[in-house]
Every structure is written in structure tokens, then in C-alpha cells.
Amino acid sequence: MIQNIPLSYFLVISTMMFFIGIYGFLTRRNLITMLMSVELILNSVNINFVAFNRYLYPQQLQGHFFMLIVIAVAAAEAAVAIAIIINIYRNFKSIDVENVDEMKY
Amino acid sequence: MNFSDILIMRHELMLTVLALVVLIIDLNLHNRDKHLIIPITLALFFIHTVVGFMPSQPGILFGGMYRTNALLLMMKNILNVGVLIILLQSVTWLKKEENREKISEYFILLFTTLIGMNFMISSGDFLMFYLGLELATIPIAALAAYTHHQTKSAEAGIKLILSSALSSGILLFGISLIYGATGSIYFDSVMQHYANTPMQVLAFIFFFTGMAFKLSLVPFHLWTADVYEGAPINVTSYLSVISKGAAAFILIILMFTVFNTIAPIYNHMLYLIAVLTMTIGNLFALRQKNMKRFLAFSSIAQAGFILLGILGGNTMGMTSVIYFVLVYIFSNLGAFGVVSAISTVTGKETMDDYDGLYSTNPKLSLLMMLSLFSLAGIPPVAGFFGKFFLFASAASAGYYWLVFIAVLNATISLYYYLLVVKAMFINKNEKPLAYFKSDLATRTGLVLSGLGIFVLGFWSQIYEIINSLSFGILH
Amino acid sequence: MNILNFFIIIPLLTVGGILLTKDLKQSRLVSAIGMGAQLILAFVLVYLYLSERSAGNTEPMLFMFDVVWFPSLNIHYAIGVDGISVAMIALTGLVVFAGIFASWKMEYLPREFFISLIILATGVFGFFISIDLFTMFLFYELAVIPMYILIGIWGSGPKEYSAMKLTLMLMAGSALLLVGLLGIYFFSAPDGNPLTFNIMEISKVVIPIEIQRFLFPFTFIGFGILGALFPFHTWSPDGHASAPTAVSMLHAGVLMKLGGYGAFRVAIFLMPEAAHEQAWIFLILTSISVVYGAFSAIVQKDLKYINAYSSVSHCGLVLFAVLMMNQTAMNGAIIQMISHGLMTALFFALIGMIYGRTHTRMINEMGGLMKVIPFLGVVYVIAGLASLGLPGFSGFVAEMTIFVGAFQHVDVFHRVITIIAASSIVITAVYILRVVGILLLGPIKNDHFLHLDDAKWYERISTITLVLAITAIGTAPWWLSNMINYSLAPIVERLSAIQITGLF
Amino acid sequence: MADYTYTILIPLIPLFVFLFLGLLGHKMKPFVTGLIGSTGLGISAILSYATAYRYFIGAHVAGTGYTSIKGFEVVWLHLTEKLTIHLGVLLDPISVMMLVVVTTVSWMVHIYSIGYMKGDPGFYRFFSFLSLFSFSMLGLVLATNIFQMYIFWELVGVSSFLLIGYYYEKPSAVAASKKAFIVTRFADLGFLIGILMLSFNTGTFDFQTLTDPHGPAIASAGGAAFMGMSVLTWSLIFIFVGGAGKSAMFPFHIWLPDAMEGPTPVSALIHAATMVVAGVYLVARLFPVYALGAPDALMVVAWVGGFSSILAAVIACTQTDIKRVLAFSTMSQIGYMMLALGVSGYGGEEGLGFMASNFHLFTHAMFKALLFLGAGAVIHAVHSNEISGMGNLRKHLPITHITFLIACLTIAGIPPFSAFFSKDEILVAAFHSNKLLFAIEYIVAGLTAFYMFRLYYGIFWGKNTHYHHTPHEAPKVMTIPLMVLAFGSVFAGFIPFHNLVTSDGKGFESHIDWMIAGPSVLIGVLGIVIATVMYKKENALPNKVAGTFKHLYKWAHHKFYWDEVYLFVTRKIIFRYISEPIAWFDRHVVDGTMNGIAGIIQYAAYAIKGLQSGRLQQYAFVFVSGAVVLVLIFIYLV
């Protein structure tokens, strides 16, 4: 069944996710949403890894493991990021990224 | 694989143990005795640094994910020494009342990132590299936000973590494409398969932006100044020196090995980015009044110089980059050490506060001046040698105009370094910062960096060792 | 131990000694002893050099000493001297010695002052003894940077601005220079030998001409900026005007000579083919320097500016003569460097001493000083006469050697331009006499000046040392000239191996 | 060949005296310094006389020509393979003659100055400067090569500068000394260029080689040409420019009248007898080259000399400062000498002009020094230079009066005073060469007699001036030199110059041509008569005459406005239109560019600060665009 779906479909999906993630990162004002956008990017990477592995190099597992580790790291990253966002909320009373521009020039 | 094999990961293992020991001690100490952690940790880290210099076997672990050899050890040792100086310089700051409960956090997070960097340097595949990179980045974000009650610190934290998340996302995308193109994440096999196809160039560029982020190359540098300014000063010096140094090390290894096949393309790119980085870094540094921000931009410009060595593309290039980073660590730590000492005692961080500093604190002023001269590349301090070798390696590849631009930029940078010198030595001030005496640790840290600035240049042995090791790697 | 190493060691020991001192009295004493020893050493070197030569030693460089420093890059700490560098070293010794005495009353931060001054001197000495381009460049930069501090802290007027301008322009010069030096290095061994920074080694090979065409302007302008080449000379008037006395002396007297010496020893010696091709451009620039500097000096009102522009003119003549590329003109260039070094040091010393008494450097605020400070007045006149090229003083010897030498050039263009450059001797007379007339002669304009003291003993030491040197060269030029000529011969031989073609 | 090594002492003694007095003079009594100076010069003078005797008579083999002898020579500076600057002593008829002139006048002036400068605070300075001058002048005279001559040429220039500006607190003296130095310096540039060209073409500085009729200099006459004249001609013209500057020939004459600001003995020594004739000496020194190699250049010499002599004579008639009258008279007489050289040929009778010129130089030195010293005695007595402040002094100053009268008669060319003979030879030479120049010289002879007697009557006769205190005769130490020089003026004419000082060293027969000499004496007498009518008794005639030639008088009185022209050139053109714009250009354009570069960098630093906006998403945007741009460039463009 999977053989009927060409690799390029996955790649298109992952690329779209990648750019949606970037778009979200650039446009969403809420810090949490920005973090979610990053997760989108990371997930697009995961799809890439898995797809490449499954289609092109089915005899090995490097892509799969990479995906697993990325997921784990993303979780850790999110944890630290959210902790800092809480800190931001305490200091700025807001989690709007537009407000976080005390240091500039 | 047996036990003795695993010992070739000595640095990483010891650091892990160190972090755990700090944690355990912290748990067992009463709240009012927390400051005892500081001397214990310093002593332990000192032992770690010394042990790190003991010779070790080159080898490969985990089926090629981890590798080590004399050059990589040397890089790690360089970082260790830098961290030792930073730890010494942070003692006064850590002893402050407000930090009492968080002392161990500082050490643990710092050691964790150092572990990450060590792994990153020793990585034999992209997976280990990525893990090391994230391990080296995420805790720093926490460190940047170390001072809870300061908005600036929190802002620095969020800016760092989100920017780095984005950049590592893009980097990962690059890695996934590399994997797709070559079918492997191991450096050795990627190197053999890497070719100049559009997809692989794209993959390389995405990968490179991630590294450029760490090295804060223009235009991927914008987080740098804000984070440096907001983070506690010692974290800033850690970021600007150790983190950047590690990134430079791994970048040059990867450039010279994995991506060597597309060197004709990335050389153009590096040329462009080097010019941009030096120029824009300098232009921003020109008008900074906050010392941390000032040093942030100066370190951006310095990163541009590092690219010159990579452009050399030969043993000389590699040697000069490593040597430059070594020199840069000492010079920048000298400068940051002074800023840190002053900032911790008086809370003053702007250039105007330094007016007339020489009349009250001559030694600090002298060290600051020498460090700045070293950063600017003025003899007889080591920075001159570092810069000269970088330029020489770029010239060896025929990039004379780039060298010219770089030296002109060094001249511009001299201008703003001299502004600080002028503030300290020339400007008159009714009320210069009062005389103060730093504690032993800070002074040791400052003296160490001062010594380094002098010794590294004249003692050609160091350069020669790096050179022979680099030669071993590249041939 | 090689005698030349002491030229580095003694200043460093002196700096160490000053660090141990506490106040002005001790630090100036230590400096005077150190630099006195250095001066004696310089004369010993001259003596040793001459006796080596008369013993029949025909090596181009004597007292060679060579230690590998960075083996992988083939960088050596290589030192050695020929007649030219010996002469320059003697000059430096004299000027530094006089400079220490000229700053005998440096009340503000004396230790720092003397340390910076001596570090500067170290750089200069090191530069002149180096025969390795790397160490040469290192010492060059080492000599430039203390200027910032010296001018910035102890200067006067818009000192921060001037110091910054001077430093940055000179550093920009060294940017050009660095490119040139690296280029020379990478083409120093076309036939596969290890690359080298050693001047004597490089001079044995011919750098490909197209490379030379690229590198020569970098190197020459790089050194030229320090030698006040038009239009890169503007650091000089401001810098000199703001600098404290001893610094002006050292800077105009010695540091600017690094430019001429380097242009000659590196740019032209190592890249003679390109030098021949491109000389005309720089000849035009230098002859502009010569005339332009002199004209500018005519209307200046500040004594130091007058002298600074005069230095532009005189140093332009050095580069001009170097570019003529024949033995006599180059010989003249070297003598001119020494002569100008001594004269201008003397001038700046005197200006400093006069300023210390009158508290103004504006000539129109002064007048008739000869009456009240006859010693300084007479020495000023002597310096002026030396500067305008009066026989009996060194300036005449230098200028005449240059003009006669330059006029021997086969090319008409070179001879015409020589005449243009020679016309500066009239303009020089105009501004020198103008200053002497307004400053020293005539009635006393200001009653405050009636009670000025004449020179103190330390000021006398400073000025008499220089006057003696100037007259010694001026009346007995043959030994200096022969010493230089001997060392020039191999260099000129290399230059004349090239087919000279006229421009017009 | 006789040994003349000792002649090196002649210049060296004054040098030592200079150094001795200059360094230690302020510790000695004034009179002692004067004595040391005079003694030193006296020894030099005696040595010179001995040398002259040996050279012309003692060691000379009768019947042969006078050859040039190098008494002494050392290498001073080795320039190129061919060109070497030597210092030495060259003895030939003209240099020996000049030795006598210089040492004699200088000695007299030294002695005279002991009296004249009495009480002056800078007494030792004055004597050391005088010695310096004597040294320089003797070095110039004895030069073996043209470069040595240039060296001492500059040195006499500076001693002249120092002596003119001796009263350095007087602004006019300072200005005059500056002017003298700069004008001559400018001319010296020509000299230098001439030397450079000459040495480039001939490969030698040495006079013996240069003046050798078969030497390289004359051989190069046919060489490359420029603007219709050979390079040799050009180089000799340039050299003559130097000579004209020193000898105050038109158009470099303007410094000479102002130079009278110096003490009068200085004027006598430097600006009458010795230094100003250096130009003549220079041309005479190179005369064979001029005559054989570049007759065109010689014509220039003749015309410049002729024009200068008449210009100066006209101006002299209108001046009221006695020293200035004498200064212009000097210029006029030197014009004579130049003209004589210019019209002369080479060898034997052809070289009459050469001989006449040197003859006149010799006699002129005597009588003009006498005139100046006499004027000095007058000034010493009345403390004024202005002729209007004098009159009827003959009773107060009898010795001065007599010697001055002798000098006036001499310069007017009245036989048997010495100048009659020398002037006559010049006129003869001019007559055989160029009638127009000859006519000019006749007029000048008349004018000379007129203005000299105008001066004479103005001082010693004329109106009964009332003096604040009675003028009295100068002391012995001043009058004795006057008498010595008067003796010289009277009898110098009988020296057989035509046997001694000739263009090729060989003597020739010469006799007085009364066809020419007669009218010239008459013209002289006419001038004296007119002057007597106008100035012996105070009357209205002079004003009337001045009124008649109003414009001419006004122009002549203002020295034909040459000073103004020079002022215009220096003040307006050089200062305002060259130097100031250059200085402005330097500060604002050249330096402005450098500052501008710094400004642009600063501006750029401010202009791009918006990049660092502090907003995270903008950072991310730049980051992503950076990546995208890199991708675009390196995938699609490269």
C-alpha cells in the first residue's frame, strides 16, 4: 500500500510543514504559538527522515532513530522554553512577543 | 567494547560525574552553607582540567558516533581552560546574596553545556552532533534567564531559546536532506558521497545557517547582542567565548572534512559572509555604550575573522582558526573579566562609567587595555599573532582583497577598542569608580587571562603543536 | 650573545626598572640611564660595524642572528644590520636619548610616560634590526600603538582626535602593508623551496612581475603613509601638534623614518621590477609632497604645524629619492632620513621648551625671544638653518646628495621632477626665516616674556646632543656616506640588473 | 712647483676664530674679542700677501703663463662614480687676487669695527660673525670645484643674513636680512640647477677640468639643445642666475639696498667689496666655459650687467639715505664688471674685458670699502643715515672728508686714481664688442660722477646743519683703515693687471686708449660740475630739476617699484594665492576626505541600527531571508 504513495508526496508535505512552521514563527505574536511553530518545523524534519529512510534506504534505521531523538530533544527544548515563557509572563505580564523588545540597537 | 575503551570519553564522563557530584553536594548542604559549593566545584573542575591534559588514545566509540583524537582533545582542553577562567571570574558574582540558592544550578547547567560541546566536537555523525548542539544550547538559555527578577535576563532567555529552536529546526532540515541525499548520517560516509547537486547545496546552506547562528555570523547574528546584554555577565562571557569557540571548532572540522567536496561553493559564501560579518559587527560596535553589548558586537566581528582561516582551506587555515580561538578565549575573557569584576562590585556597565578608571584601578585598566589590544590584533599581545596567521592563511589561498578588507575592519575595530582605552586612560572624570580589590578567585582568573594574552603569542610551541595535530587530521 | 639583541633587551630592562620606581625623579633617572646605555650601545655598534668592514667582512648583513620562531611558517626571529640600519639605529639612539631629557619635567604620570616612550623606542629599534618581514611588521606595529596613549594622555589641544586619527591612519597603512607582506611571503619561493619572510632570502628570487604590480602599491603606500606620502599625510600635522614634546621628537624624528626605510628595504628592494614600472606615479606624489608640504608650512601659525608640514616636505624628499633608484639618490635618502630625524627632533624639542615657557605655540603671540632665551634662540636658528639646507649641517649633505643623484637619472622626466623638488629649498627658506623672524627676532611683544629662564641643564643636554650630531654629519659626511654606500651597493646591483626604460 | 699646502690656513684661521668667539666670546671682554678677530684676520691677510707674492712673483717662472695650482684637496663627499665633492684650495690669478682683496678689506673692517661697534652688547657676536663670513668668503674664493663654491656660496649667504640682521631687535633689520637671504636663495636655486645640469653633462665638478678648453664641458657645447640653445648654455645661464642673485643684478637687486640695515662695516665688507662680487667671480671662474662653450650665455651676462648698471645709477641719483646711494652705486659698478665679462673674449687681447673686469673688481673693492667705511664714520658722528640730516661736516671730520673725497674721485674715474684705469679698460672692451652697451657705460660713468658728488657735497658741504652735539672725528682705530684703503684706491691702478690676471693666464700688452678714456674723463668731470652747481651750496636747483623730471624722479626714487612688484609676488601670489589655498586644501579637502571617511562610517553605523530592532520575529525574518538569499545566490547564480 505504501508503495503506491511516491516519496515526493511526503517531501511536499514535509516542506509545506516546514514553511508553515517558519511562517507561523514569523507571524504569530504569542510565544507559545511560536514554540508550536518550531515543533511544526521539527516534525517536518521528522517526516523527512522517516520518509527518506523508508523509501531510499530501507535496509537501515538511521533516519528512524534520528527522528526519535529529535522528538525527545524537542520535548526538552519545549520544557525549557515554556519555563522561560513563564518567567517572561512574570516579568512582562504578557506573553506577546512584541512586548519583549526591551533591548535593542 | 570494554571498560577501558569507554574511558576515551574521559572528558565527557568526568564532566557528567562532576555535574552529578555538584547536585548531590547541593542536596546535602544546608541553605546557609550553599556557598561552600563554590570552592569544591572549582577544585573539582581544576582537577578535571588538569586531568584533561593527560594523553589519551585516539579511538572510536558507538560504531562511529563518537570519535576522539589528539586534536579534538586539545580543543576540549582549550575549552576547559576557558571555562576554568570563567568559573574563577564568576565567584564574586555567585557569592551574592541573591544567587545563594542557585549556585549549583549555575554549575550544573554550565557543565551540561560543556558536555554538549565536548560531544559536539567529538561527534562522528550528525546525530551525535545534533545532540551535542542541543545539549550545548538549551541549558544556556536557562542560564541566560538565570536572574529571575530581571526582565532583561528573561528576555535574553526567550530570545535565545526561540532563535536557537528556529535555527536548529532549519539545521535539522538540512541534515534530513543530507541524509536523504547520501543515505547516511555518519560523517565518513557522507563525506564520500557528498556532491555538488542543488539539493545538497541547499542542505549544506541550511546546515550552515545553524552553525552560523552559533557563531553569530551576519545575518544570523541578531540574537547575539540582546542575549549578551541581558544575560548575567559571566554567562555572556561563556556564550561569547566557549560556546562560540566550540562552534568554530566543529565548523572547521566539518568544513574541512564532510563538506570539503563543495569547497568551491562554500568559499564564495564564506567570503561574502566574512565581509558582512566583519563590517556589520564593527559598524554596530562603533556606537555601543554598554560594555556587554559592545563586546557582543566586537565578538561578532571577531567571528568574521575566523572565516578567513576556514577560507584558507589548508592545514595553515585550520591551525590558525584553532589558534585564533585559543587566543580569542584569553583576550575576550580578559575583557569580560574586567567588565564582570566592575559590574559585580559596582553594577556599572556603560563605557562612561569607565572614565578615569586608570586613576583608581590601574591594574584592571591595564588588563582591559591589553585584552582589547589583543582583540584588535596589536603586538606584542597574542591577538596580533592570531590575526596575522588568519590573514596569512586567507592569503595563502589568494584572497588578498579579503585580507585587505579584513585588516581595514581590524582598523575600524581598533577605533572602538581605543574608545574604551580612551575612557579609561584619557577621559577626565570628577568621580571615577572607586578603588576596589577583587577577591582571590577573580584575580586569579584575570591574571590567568592576562598571562595567556602574553604567553600565547611569543610561545610558538603552542602554535606548532596545533599545527602538527591539524596536519595529522587533514592528511 | 649577539650585540643586536641588546637593542631589545636594554629597553625592556629599562621598562622593568621604571616599573620598580616610584616617582618622576627615579623614573626619569632610570630612563636616562637606560637610554644612555642604549646610545652608547649604538655607537659601539657603529664602531664594531666599521671595524668589521675594515677587517674585510663583505657580507651584506653583519651580526646576523637567526632563531626559528614558528617553524611551520618558517618565521624566524632574524636580525642583522648593514650600514643603513646601523645609521638608523644610531639616529634612534640619539633621538630617544634627547627625548628623555626633553621630558625631564613630565609631572603627570611619569612612569607610564617613560614606559610608553621606551616601548615605542623598542619597536623602532626592533624594526631596524629585523631582517625577517614578520618580526619587522611586529615591531612596526609595536612602535605605532604607544603613540595613541602618549598623545592621548600627555598631549595638548584636540589630543584625542589627533591621536585617534594618527593611530587609525597608520593602522590603515599597516593594513595595506600586511597585504603586501603576505603576498611577498607567498611568492617568496617560486621554485618550490619553503616560503620565507627573510628579506635576504627573498631578494635572491624574482617575484613574478604581475604579482609585483599588485603588491608593490600596497607595500609602498603602506610604508608611505608612515612616511607622510601625499595625500595620506594628514595624520602628521594634527598628530605632531597634539603630541607631547618627546613624542613629537620620536615620532617625526624616528617613527616616520620607518616608512622611508621600509619603502626602501621592502617595497623597492624586493620588488624592483614593479618599482621601476610604477615609480613615476609615486614620484609625482612625492614631489607634490615635497613642494606642497613646504607651501603649506608657509602660512601656518602654530609652530608645531609648521614643523609638521616641513616634515611632510622633507620626508617626501626621502621617498622621492628612494624612488629614483640609483645609488646616489638612495644614499641621499638615507642621509636625509637621519638628517631630518635629528633636525626635526631638535625642532620639536625646542618648540616644547619654548612652549613650556611661553605657554603658547602661536608665532604671532610671540616675538623677540632671542633676547630673553638666547640659548634656545640660537639653537632654534641652528635647527632652522640646518632645516633649510645650509652647508655645515646635515640637511645640506642629504639634499645635495639626493638632487645630484636624482639628476643623474637617464630619463628626462626624472630630471625635470628633480628640479621641481629642488625648488622646495627656496620655500623652506621662506618659512624657516619667517618663523625665526617672528618668533625670535624683533622687539619683545609680551612683557611676560621678559622674565623667562633660558635652557636648563637637561634641556641643554637634549639639544646639544642633537646639534652635535647634525654638525658632525654636516661637516664630515664622508664616513656616513661611505658606510651607507657600501651597503647600498648590493642593493643597487640588484636594481640595476633590470632594464631601465625611460618613461618619455 | 711650489708647495701651497699652507694656504688652507687662510680660511681655517677665521673659522677657528669664529668657533672660539662664538662659543666662548660671551665670557670675554669685548675689546679682547675684537682683538682676537682682527689678529686672526691679520694673519690670514699676511698669509695671503705672501701667497700672492709667491704666486705672481716669487715662485713664478718669468715668461710662462700663470697656471692654476691645487694647493690642497680632500674628498668631502663621494656622490657618484664620477662626481665627488672635494674641499680644497685652488690658486690661480683670480683666486689669488681675490684672496688679497678679501683679506685686506676684511682685516681693515675688523680693525675699523673695534671702534665702530664699541659699546655694543653683541660685540663678540659681531666679530664671530665677521670671522664666519671671512671664512666662508675665502672658502668660496679658493674653491677647487663648483660644488665647493656652492657650499661656501650658501655660507656667505647665511653670514650675510646674520650680519644684516645683527640688530635683531629692529624689525626693519630682520625684514632686510630675511629678504636678502630669500632673494639670494631663490637665485641659488638657479645656481644649483645649473650645477646639476653642468655636472650631468660633463661628469665633473672640478674647475680645472671644466675650464680646460679641451675638456668635457666645452666639448659638450654642441650637445642636446633645448629651445634653440644648447644644454651647456642653459646650464651656464642658470649658474649666472645664482651669480646675479649674489651680485644684486637686475632683477635680484632688491635685497641690496635693504641690506644696508646691517652695521656699516658689514656693508663695507660684504655688500660692497667682497660677497656681492662673488657673482662676478663665479662668471670669471667659469669664464673659459662661457667664452668658448656658450657665447649666448655670455651675452646674457653682458646685457644684465649693462642694464643693471644704468638702472642702479639712475636710482642712486634720487636716494637720500647715504648708504643706499652707495648700495646702488655698488650695484652699478658690479653691472660694469659683469658687462666687461660679457663682452670679453677668450685668450690674449681678446680677453681684455676679463682682465678689466677683475681689475675693476679689485679697485672697486678698495674704493667702495673706503666709501662705506667713510660713510660709517659719518654715521658714527651724526647718528643718522639721511643725507638731509648732514651737511658741512668737512671741518668736523677732516680725515674722513679727505679719504671720502679720494674715493669719490676714484669712482668718478678721474686720473690717476685707480678706477680710471680699470674703467677705461672696460670701456675699451665694450667699445670693441657692442656700441650700445658702450654708450650705456658712458652715460653711467657720468651719472656715477654726478651722484657720488651729490653725496659728497650733501655730507661735507651744503647747508649748515645744526647738530645736537658737535660731530667729532672718529678714533684712530677707525681712521687708519680709511687711510690704508685710500692709499689702495689711489695706487691700485698702477698694478699691471694685464700681465697678471688674464683669461688664459698669459699676459698681454695693454695701453690707455685716450680716444675712449678722454671723453669718459670729460663725462666724469661734467657730472662732478653739475653736482657742484646743484649741491655745493644749498639752493633750489635740485628741487627744480626733480620737478622737471617729475615722473622719472618719482619712479627712480621708488626704485622703479621693484620692491612693490616683489611684495606683490610674495605677499599676494605666494602667500595668498598659493600657500593659503594649499593649506586650505590640505585641511579641508585632503584631511576632509579622511574625516569624511570616518564620518561616513559613523553615519553608516547609525543608519543600520534599525536592523537590531529588539524584536525577535524580525530577527527570525532576517535569519530566514538570509538563508533564502544564500540559497538563491548559490543554487541559481553560481
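In order of appearance the chains are A, B, C and D, and numbering begins at 1 in each one.
Convention: a contact is a pair of C-beta atoms (placed from the backbone, for glycine too) under 8 Å apart; a residue touches a chain by one contact, two chains touch by 3 or more.
It should be emphasised that the depicted structure is a prediction, and the values quoted were computed from it without experimental measurement.
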Centre-most chain, if every chain is reduced to its averaged C-alpha atoms
C
Selected interface, B-D versus A-D, where C-beta contact pairs are more numerous:
B-D
Measuring between Cα centroids, what's the chain most distant from chain C?
A
Quick one: report the Å distance separating chain A from chain C, using the average Cα coordinate of each chain.
65
Inter-chain centre distance, chain A versus chain D - centres from mean C-alpha coordinates, in Å
97
What whole-Å value do you get for the distance between chain B and chain D if each is reduced to the mean of its CA atoms?
77
Centroid spacing, where centroids are CA-atom means, of chain B and chain C in whole angstrom:
42
Return the residues of chain B touching two or more other chains; collapse runs of consecutive numbers into ranges.
158-159, 162, 166, 170, 225-226
Give me the residue numbers in chain C that touch at least two other chains, ranges are fine.
168
In chain D, which residues are in touch with two or more of the other chains?
609, 612, 614, 616, 620, 624
Provide the full list of chain pairs in touch.
A-B, A-D, B-C, B-D, C-D
Spell out the part of chain D that touches chain C in their complex, as residue ranges.
75-80, 83, 85, 147, 150-152, 154-155, 158, 161, 165, 168-171, 174-175, 178, 181-182, 185-186, 188-189, 192-193, 196-197, 199-200, 574-575, 578-580, 582-583, 586, 590-591, 593-595, 598
Which residues of chain B touch chain D once you look at their complex with the stated criterion?
158-159, 162-163, 166-167, 170, 198, 201-202, 205-206, 208-209, 213, 219-220, 222-223, 225-226, 265, 268-269, 272, 280, 283-284, 286-287, 412
Chain B touches which residues of chain D in the complex?
601-602, 604-606, 608-609, 611-612, 614, 616, 618-620, 622-627, 630-631, 633-635, 638
Residues of chain A that touch chain D when the two form their complex
22, 25-27, 34, 97-98, 100-105
Show me the residue ranges of chain A that touch chain B in the complex, using the header's touch definition.
14, 18, 21-22, 25, 31, 34-35, 38, 41-42, 44-45, 48-49, 52-53, 56-57, 60, 62-63, 65-66, 69-70, 73, 76-77, 80-81, 83-85, 87-88, 90-92, 100-104
